[in-house]
Amino acid sequence: MSIRFGLLGAGRIGKVHARAVSSNSRAQLVAVADAFEQAASDLAGQYGCEVRSIDAIESAADIDAVIICTPTDTHADLIERFARAGKAIFCEKPIDLIIERVEACLKVVDAEAATLMVGFNRRFDPHFMALKSVIERGEIGAVEMVQIVSRDPGAPPVDYIKRSGGIFRDMTIHDFDMARFLLGEAVETVTAHASNLVDKAIGEAGDFDSASIILTTASGRHASISNSRRATYGYDQRIEVHGAKGAVSAENQRPVSIEIATADGYTRPPLHDFFMTRYTEAYANEISAFVDAVESKSLPTPSGLDGMLALALAEAALKSVKEQRAVKISEVTGALATRDVFQGR
Amino acid sequence: MSIRFGLLGAGRIGKVHARAVSSNSRAQLVAVADAFEQAASDLAGQYGCEVRSIDAIESAADIDAVIICTPTDTHADLIERFARAGKAIFCEKPIDLIIERVEACLKVVDAEAATLMVGFNRRFDPHFMALKSVIERGEIGAVEMVQIVSRDPGAPPVDYIKRSGGIFRDMTIHDFDMARFLLGEAVETVTAHASNLVDKAIGEAGDFDSASIILTTASGRHASISNSRRATYGYDQRIEVHGAKGAVSAENQRPVSIEIATADGYTRPPLHDFFMTRYTEAYANEISAFVDAVESKSLPTPSGLDGMLALALAEAALKSVKEQRAVKISEVTGALATRDVFQGR
Amino acid sequence: MSIRFGLLGAGRIGKVHARAVSSNSRAQLVAVADAFEQAASDLAGQYGCEVRSIDAIESAADIDAVIICTPTDTHADLIERFARAGKAIFCEKPIDLIIERVEACLKVVDAEAATLMVGFNRRFDPHFMALKSVIERGEIGAVEMVQIVSRDPGAPPVDYIKRSGGIFRDMTIHDFDMARFLLGEAVETVTAHASNLVDKAIGEAGDFDSASIILTTASGRHASISNSRRATYGYDQRIEVHGAKGAVSAENQRPVSIEIATADGYTRPPLHDFFMTRYTEAYANEISAFVDAVESKSLPTPSGLDGMLALALAEAALKSVKEQRAVKISEVTGALATRDVFQGR
Amino acid sequence: MSIRFGLLGAGRIGKVHARAVSSNSRAQLVAVADAFEQAASDLAGQYGCEVRSIDAIESAADIDAVIICTPTDTHADLIERFARAGKAIFCEKPIDLIIERVEACLKVVDAEAATLMVGFNRRFDPHFMALKSVIERGEIGAVEMVQIVSRDPGAPPVDYIKRSGGIFRDMTIHDFDMARFLLGEAVETVTAHASNLVDKAIGEAGDFDSASIILTTASGRHASISNSRRATYGYDQRIEVHGAKGAVSAENQRPVSIEIATADGYTRPPLHDFFMTRYTEAYANEISAFVDAVESKSLPTPSGLDGMLALALAEAALKSVKEQRAVKISEVTGALATRDVFQGR
């Protein structure tokens, strides 16, 4: 029997998930809610499902799971609400921009024994999945150095930047999650440098557009992240992991893979120019993994804790930029025995 | 308004087209027919359409177009029948294995002014489309040499081989079409060498499994084709076009693009192992192009004539192997004023 | 003790060999001869050796081996002369443009039991050597299809063309040798198509500038060669060999291997623009292999017979273009029992 | 007229420079000195030059320039001595392991107006030179992020490690120089993390074998360096520079560039396994650049100051690892007005 979905939020990313649900043979899109009536009804029309209010979805007997794609500041409230309503929850990242709010939310999830998955889509990119498998099969030996390059084709509008929580919480958070995913060991310190090279307005809004980050673990593994809000050549997304026995890398994806040779040299077209075309398969695989977890009543990954820990790395990175020093994760997660709280799950 | 489709044949390739139609917002799958009741009803169930007989589809007022995916020996008859019924027709290659039968069929299509498109899916591969665009924009100057490598991961069963019309009509025919598509000038001669290196049973069935072909045009352009029924490294599909000002190539596609570096060197996983995964996007684009043509009442490409001319190249190749000489296309298309017959369209 | 060399011909290729000899610790350049006194004395000055006449080199007790880099029409005479003088001989390709003259010359070499190596430098390119080793180690199984792309950056002057013996004897002859080297089985038929697309003056001189060739062997192996006298992107030299268990390829070499990414895409600089920079290492390795043979008194490869058989393929190719059919090698080598003549060696 | 060289030190790197000098038409190797008589006479025999003592070279009228390849702890003394003797000096890196000693030495060089070049060979690698040219031509706009991956095939013996000054002064120093060379702006801070993952003995000797470093400049440019003393896949040397208008990268060099395709995938052989084969051309170009400077009486690059500043980055990196914070360059160069001292030159 199919998992029946309610979709909260019919915006850009909501549409991506609607398509993923409707093309998944084990999932069914039952209802969509959005503050903008028209957005909800357009999407409902396209996929032959109903428009409902969030309240109606919450109390609906014919909804097993929700996908939360509403504005960030509503995520934590909605997670708590649907956890209490007994629905499985897929929530777009981040759970909240403030780490204490995330922790409070996750306590409710924990208390309700709710199923919560956080939308770090990159873990489900087929190329990154293959890279991860190579590591897990031991082909490169123990992981030593993870290197992530992650650059956007262009900076978002400053209005977006202002609401975004800053580059670390908005953009690097994906890389923090991938670094955690690949290091195979808890991150202990974060060192970050950030600057304003792309757009002065970003700096004026108090944010950065260029960043270099090093994460370290207790055993001495490193992850390096290089971020820029600008890459004229397209959406630059590369990962390389160096280990004791070798290395594995995932190269950039290209919408067309031709090469033109002339007197000027050999030229291949630019990369994808948008994260949605770059990660099309990742979004579909992500929903499929969530359906797996709901069907099998197992804990989905990335979990709420994964969401919180990536946010903690962002916090630590910001602190590191300000204080020009390595910041321990324990400094930002404070006295909370993070691991213990969730260990039971 | 959507183009309403009837699908004739619910086998492997029928399923591919059913998916393409159903995911095309301007198309609608109304009915499916198949000699095996179960195959038809399974597919109908999956896409929420009806099972009908071929007769019912022929006379249906709610069907605008048909897709013919039945066995090859039924293609020409069905094309004629649906041309007379006023339906737009998409037919899988080949129209028939015998060139005279194809010509007779195309005369009916012509007389009925029917819309006919032949399923040479590779023209719609996004990478090959991009390569073609580079040529059309003049970036490599006048085309001089086309080189096609086309190798299957493994040989089909001998039973299939026996019904296939032989390597040139079954496998090389796609390369003949691509060569014609890219040469930009009519092929004048075909020289082919073929041998039996992969599977003795194929030779015993009177066919070849390895072939090298050169096509020439009046102005002296060449196309080279290299075929094998075996490639341990996957479905090998490469095209390179060399021109007066440069060259353009389309490299192989890979399901995962990672690279593993160890003491043994740098290794990337094998290619796609199946034409359906390799050409997924091509199949979708192909149906979309057909819908374009039906909507705009324009002549689709590749046309019935394209289908016939690719078959003529296959005929000529076979004759060349037997007679160990360059064979002129005019030798196999005979006294028929091929071009004139279709010039009116 | 070093092998002591006399160099006959101080032109472009003579200089290449002079450098190779002088940088080889087992070789010593003793004397150089050239019809142009100045050319000889310049080269002698550069490498600290003597200028001598050909006669003096022939009778010199302090010369073990000669390198023949004089004009083509003197090669056969010089080979015979130095074979009789008991010197080891390295001769630039071709031995002669006329196959009967080559055969006569080789009979003298044979009668004198002289050491003769022919300058097919590509066999000594480190990348092609590595490719050959992969085949010999059985990593790709039995060879099935050899594919050679060989394009010059630009056409030579028509004056050169007129003296060259034509594209097959001048340019393709290297590819014929590589095809023979890699096929691992005697070539049985040659089919060639050639045209005039690059420079009309070449056509007016009775030659071609673009060619496609297929070679076949008794067991059904194929080699395909694609030639052009023009490649805007540089000196294009690629080989790919497909076998029963896999394939191996040698990609183009580049003088600089950087890549520039901009909004226009990813660009790598053009290839080498000259055969001498492309094959620098090959020329050095070639002389080293000759020194090996002279030192060990073993038969060098490529031999005089290799030189003659490559020329025979060129002859057959020309005949194939004229007669538009597959030409058997036996047609051009005539009644001569080629193999038997040389079998004793 | 040729520049006449004395070579001090006939060890591994001395041999590399002897070859470079002897194959440079504008240079002449006149004498070689080494504490081991045999080493000196072997090298002298090979290149036809004299064995002399350092004293004799110092006072020789027929020596214009010296190449210092003796043990590190003799470099500064020899530089001072030959600066006073009026010889042009090429010195292998580093000038000394202690920054104060380097500064004192450079003051002598300055006072004597001597010509001093430091052996950072990578600046002369043709691929890195091409990359630098792309930046200088403005093709990627203002530099924003430099990324250097530099990994050795294997760790050196612990005995070497103990004398090496540690990973930052011994290995990363090359990367520090390249980062300085490419950033186009003075480095302001260094943040480094280092650990011991490859060989416990290295850790026991008080050194690290794995390091990640971030350099920043006043305007907010970043350079990231990733080092490991182990790379099973060969000598891994990559540089990528991202700028406002694009990026440029130099990929790894391979001794053979073939690719083998089998059922296991597509495999290319490992990288070079030794810095001397990887940087063969760089060593030759480096000596050529030194000859240029001596001939033209211009200041060579990299200069003594470049040598000192790379060492300062190494000092700062070590301090950063210990103190877990970003270290300013001014902290390690102290009160010395470094720039002013050398500004006159």
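In this document, chain identifiers A, B, C and D correspond to the written order of the chains, with residue numbering beginning at 1 in each.
Criterion: contacts are C-beta pairs under 8 Å (C-beta built on N, C-alpha and C of every residue); 3 or more make two chains touch, one makes a residue touch a chain.
From a predicted model like this one, the values you see are computed outputs, not experimental measurements.
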item	value
From chain B, the most remote chain by mean C-alpha position	D
Computed distance of Cα centres, chain B from chain A, in Å	41
Between chain C and chain A, distance of the C-alpha-averaged centres to the nearest whole Å	58
Residues of chain A touching at least two other chains	231-233, 245-247, 261-263, 269
Chain contact graph, described as a line, ring, star, complete graph or other shape	complete
Chain D-facing residues of chain B, complex	231-233, 261-270
Complex interface listing, chain D residues touching chain C	23, 126-127, 130-131, 134, 139-140, 245-251, 253, 255-263, 269
Residues on chain D engaged by chain A in the complex (per definition of touch)	142, 144-145, 147, 149, 151, 189, 191, 193, 195-198, 210, 212, 214, 216, 219-222, 224, 226, 228, 230-233, 242, 244-247, 324-326
